[in-house]
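Pasting the structures in now, so scroll down.
There are two complexes below, and they share chain A, which is joined by chain B in the first and by chain C in the second.
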Partner chain A sequence: MKRIGLPVVLVALWWAASAGSTSFFWPPLPAIVAAVPSTWTGDFWLHDVVPSVVRLLIGFFLALFLGVAAGVALGTFRTVFFMAEPVLEFFRALPPPVLIPIIALVAGYTGWTAKVVTITLGCLWPVLLNTIEGVRSVDEVARETARSYHIAPLKVIVPSAGPRIATGARQALSVGVILMVISELFGANRGLGAAVVQFQRGFAVPQMWTGIILLGLLGVALSGLFQLVERHTLAWYHGWRRAEREG
Partner chain B sequence: MRRPLLGVAGLLILVAVVELLPRLGLVDTRFLPPFSSMVSALGDEAGTGGFWTALAQTLRGWAIGLAVAVLAGVAAGIVIGGVPFLRAVTATTIEFLRPIPSVALIPLVVLLYGSRPQSALVLVVYAAFWQVLVQVLYGVADVDPVVRDTARSFRFSRWAVVRRVVWPTAMPYVVTGVRLAAAVALILQITAELVIGVPGLGRSIGVAQSSGAVADTYALVIVVGLIGVAVNASARAVERRALRWHTSVRRDL
Partner chain C sequence: MITLDVAGLAKTYTGPGRSVEAVRDLTFQVRRGELVCIVGPSGAGKTTLLRCIAGLLPATSGTVTLEGATVTGPPPGMAVVFQDYGRSLFPWLTVRGNIELPLKEKGLARAARRAACDAALAAVGLADSAEAHPWQLSGGMQQRVAIARAVAYEPSVLLMDEPFAAVDAQTRADLEDLVRTLWRDLGVTVLFVTHDIDESVYLAQRVLVLSHRPTVILEDVPIDLPAERDQLTTRGSARFTELRAHVYELVQLAKRGHRPESPVRT
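Presenting the complex of A and B:
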């Protein structure tokens, strides 16, 4: 009860505070809710929401795969890592949305490819850098032992870097959501982000609010899903940490 | 000694590749101009007042937004973290509000402020606030109960407890939060400039790209990247300096 208490109170507060609102920008919550059925139509889900989410997932998983693969390689070969370090620092520090003008120069900014490339490139750096850190901090004894017993090195490296990879993946996911929205604001487009901005440009304010709420719910759902997957795949790690704490 | 040298070598290789690919005709110069022409474009930019104005606008927006977010985050974190009831009640709400992508607010700020700097400020503060708040909450939760009870036995005032017990414990977390927030704030500042048209380097990049000034686009992107590197490096330097006394930084133990 306590857990869901405050969100309920907040929504109730929003409802009450906006009840008599005549402000154009802050329509009453009931008006926003009333706009949901006519806005979230089948067409909207099929042509805006689902393509956006699919692009996000393709970009994210592509980045996860590439980032872990490159991260394991760079983490293993020290010389290559030392050479690449300043370059990686630069790309890590580059705010990912500036990739969009560059990609627009190189490939034009239409269709799925440019958007997926944007998301992939943005998600890549957090995964890559965290994987490198994780691989570099693999226990030396474990690595040597694995080598002596002819166990494939990857079987030791990837799990022990797992928690760091998960950290990187979590950061990547929130960057991915940002890029999912922004990539749809360039050129003529469809998608959840594009739809919300269309509503705003058409001054369809209640519809715009439903879109903002949907984007928020999407962010929450993705982070919830991520936590679920992380808790499942890293169960050994969380159990080990708990045991350590309790001594 | 080997490490910095190898790093410089890596950078030089990248520069050489970017210079040679277009020069040898392997990549169209409309897509990727040689590095030297990016540098000369940057030189031309640096000669104009517009570039420096945009740079100042970006940095000012970033700094103000970060400062507001840090102050609000630290104050909220210490109050929420210090009162068990508030912490229990707000836990799920914070977990719920935090993942809401700040870019979802773009349409709203456009309606409210158009392309004025306030638009960027709202996005920057919203995104950076959570980074700070969550870290401060971790920090306050980390306070040793024995120390807290001891302070209370000595009749420390509430303010003295915050000042002498909570703050030193939470400090490393606060600094981490500020470091994370500084990077996020820069991302949102540039995003707002690029997407909404708030004056600053992000908008300059958009203008350069749409007017086909390829070398200028790359030059400005490099500048933004270097700002990012500077922000990260100085945040780390501040972290080391502010936490000189802390065991995670001290080497003499």
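Presenting the complex of A and C:
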């Protein structure tokens, strides 16, 4: 209940502050709410929201898989990391949106591929860099225990790095939402991000606001879902940390 | 029947521009079913020695032979109990998960793993803690879990690296008795490294006293205490005091840098 309080207050403030507004770009909140039924139609969900979210999830999980695999390799073999680091820094410095035309050249302008690749590229870095860090900080005694008991190194490295991988994944998810929108700014006419831009261009201001609100709600839902999964899979980590604090 | 044969083991760490001779020449044997303690002053290269025997660290020269096979990496017939149980047990696994993982990697079937784990936990007095995570247990209990993991692995030699250095005195006494009991009941061969003179005399059939670095063996002290030992009467006996005094003197000699004319080979 404590977490509901602030949103309620903010919505009430918005409601009060925007009441009676005659500004075209700043419609009263009731006007925005009134635009919801005609905007969030079945067609809108099916052809804009769902495809965007599905692309986001494909890109995110692809990045998670690639980032963990490459991160384990780079974190384990120092020379490989040493050789790869300048190249990694080069590509990390490139914001994925500027690559969209190049990606589109290879993957096509209007289809899903270019958008998914854009999201994957953006999500990759936080996962990769955090995984490398996590793998490098695996406890030396844990490694030696694994060696002496002939336990496959991955079975110790991956869970040990788990908390860091989760940190990277959480960052990647926020990056992913941003790139989900940006990837639709070029060469797309459907999708949640594309819809918001088209409302803007068509001066459908209340509709645009409903799209923005929906994006925010999507972020909240994804982060809530992420926390749920993280708390379940890393329950040991939170319990362990609590035990260490209480000594 | 020789289980573990260490012959002319030497280890020199070489770094850029300098080298440190940690272990010069160690030769000793452990027979099947023996309980041998290695004691030495701090800085005697105890950990280096143990890591070489465990196959975790390559020796500069000399050989370690376990059950007739030369050790080049961690041998399958060896289980190590590390001093730092908190880092050696995997926090993401339950007690059962920790004990069964090495058995799973060994290819044991599910039912056999379960049985081995239950038996090992019962032997260390933790039958009720199988589903807990290690960090939910006290330090002494965690080290019991580590011992149970080693015992369930059914090693030819159980290596213990100052396993009780981090627990309180009372827990330590309990764990010492546990090692004696496990050794007697299960017939495992134990090589126990410690810096605690009393502990070495109380536990062992033989105590190998190490010199200061570069390490050689100063003396191989047979411990002729009765097989039935307990904290009160054994530690109070005249013979215990004599042996303890003897080992103590040797360790003092070692600290002052005394070295034998020629290394003791046992």
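Throughout what follows, the second predicted complex is superposed on the first by the 239 of 247 C-alpha atoms of A that agree within 3 Å, B and C clash if a C-alpha of one lies under 4 Å from a C-alpha of the other, contacts with A are read in each partner's own complex, and residues count from 1 in each chain.
Rule of thumb we're sticking to: a contact is a pair of C-beta atoms (placed from the backbone, for glycine too) under 8 Å apart; a residue touches a chain by one contact, two chains touch by 3 or more.
If you're wondering where the values come from, they're calculated on a predicted model, not measured in any experiment.
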According to the stated criteria, A:A243 is in contact with first (chain B), second (chain C), both, or neither; which is it? second
Is A:V177 in contact with chain B, with chain C, with both, or with neither (first, second, both, neither)? first
Return first, second, both or neither, reflecting whether A:V197 touches chain B, chain C, both chains, or no partner chain. first
Check the residue A:P37 against both partner chains and state whether it touches chain B (first), chain C (second), both, or neither. neither
Determine, under the contact definition given at the top, whether A:A84 touches first (chain B), second (chain C), both, or neither. first
In the superposed arrangement, which partner chain does A:F25 touch: chain B (first), chain C (second), both, or neither? first
In this superposition, the partner of chain A with more touched residues, chain B or chain C, is B
Starting from the residues of chain A touching chain B, keep only those that also touch chain C in the other complex, and list them. none
Which part of chain A faces chain B closely enough to touch in the complex? 2-7, 10, 25, 79, 82-87, 89-98, 100-102, 104-106, 174, 177-178, 181-182, 185, 193, 196-197, 199-200, 203, 205, 208, 211-212, 215-216, 218-220, 222-223
In the complex, chain B touches chain A at residues 2-3, 6-11, 13-14, 30-32, 88-93, 96, 98-108, 110-112, 183, 186-187, 190-191, 194-195, 202, 205-206, 208-209, 214, 217-218, 221, 224-229, 231-232
Given the complex with chain C, which residues does chain A contribute to the contact? 139-142, 144-145, 147-152, 155-156, 159-160, 162, 236-237, 239-240, 243-244
Touching residues of chain C toward chain A in the complex: what are they? 54-56, 73-74, 76, 78-80, 82, 84, 87-88, 90-93, 101-102, 105-106, 133, 135-136, 149, 153
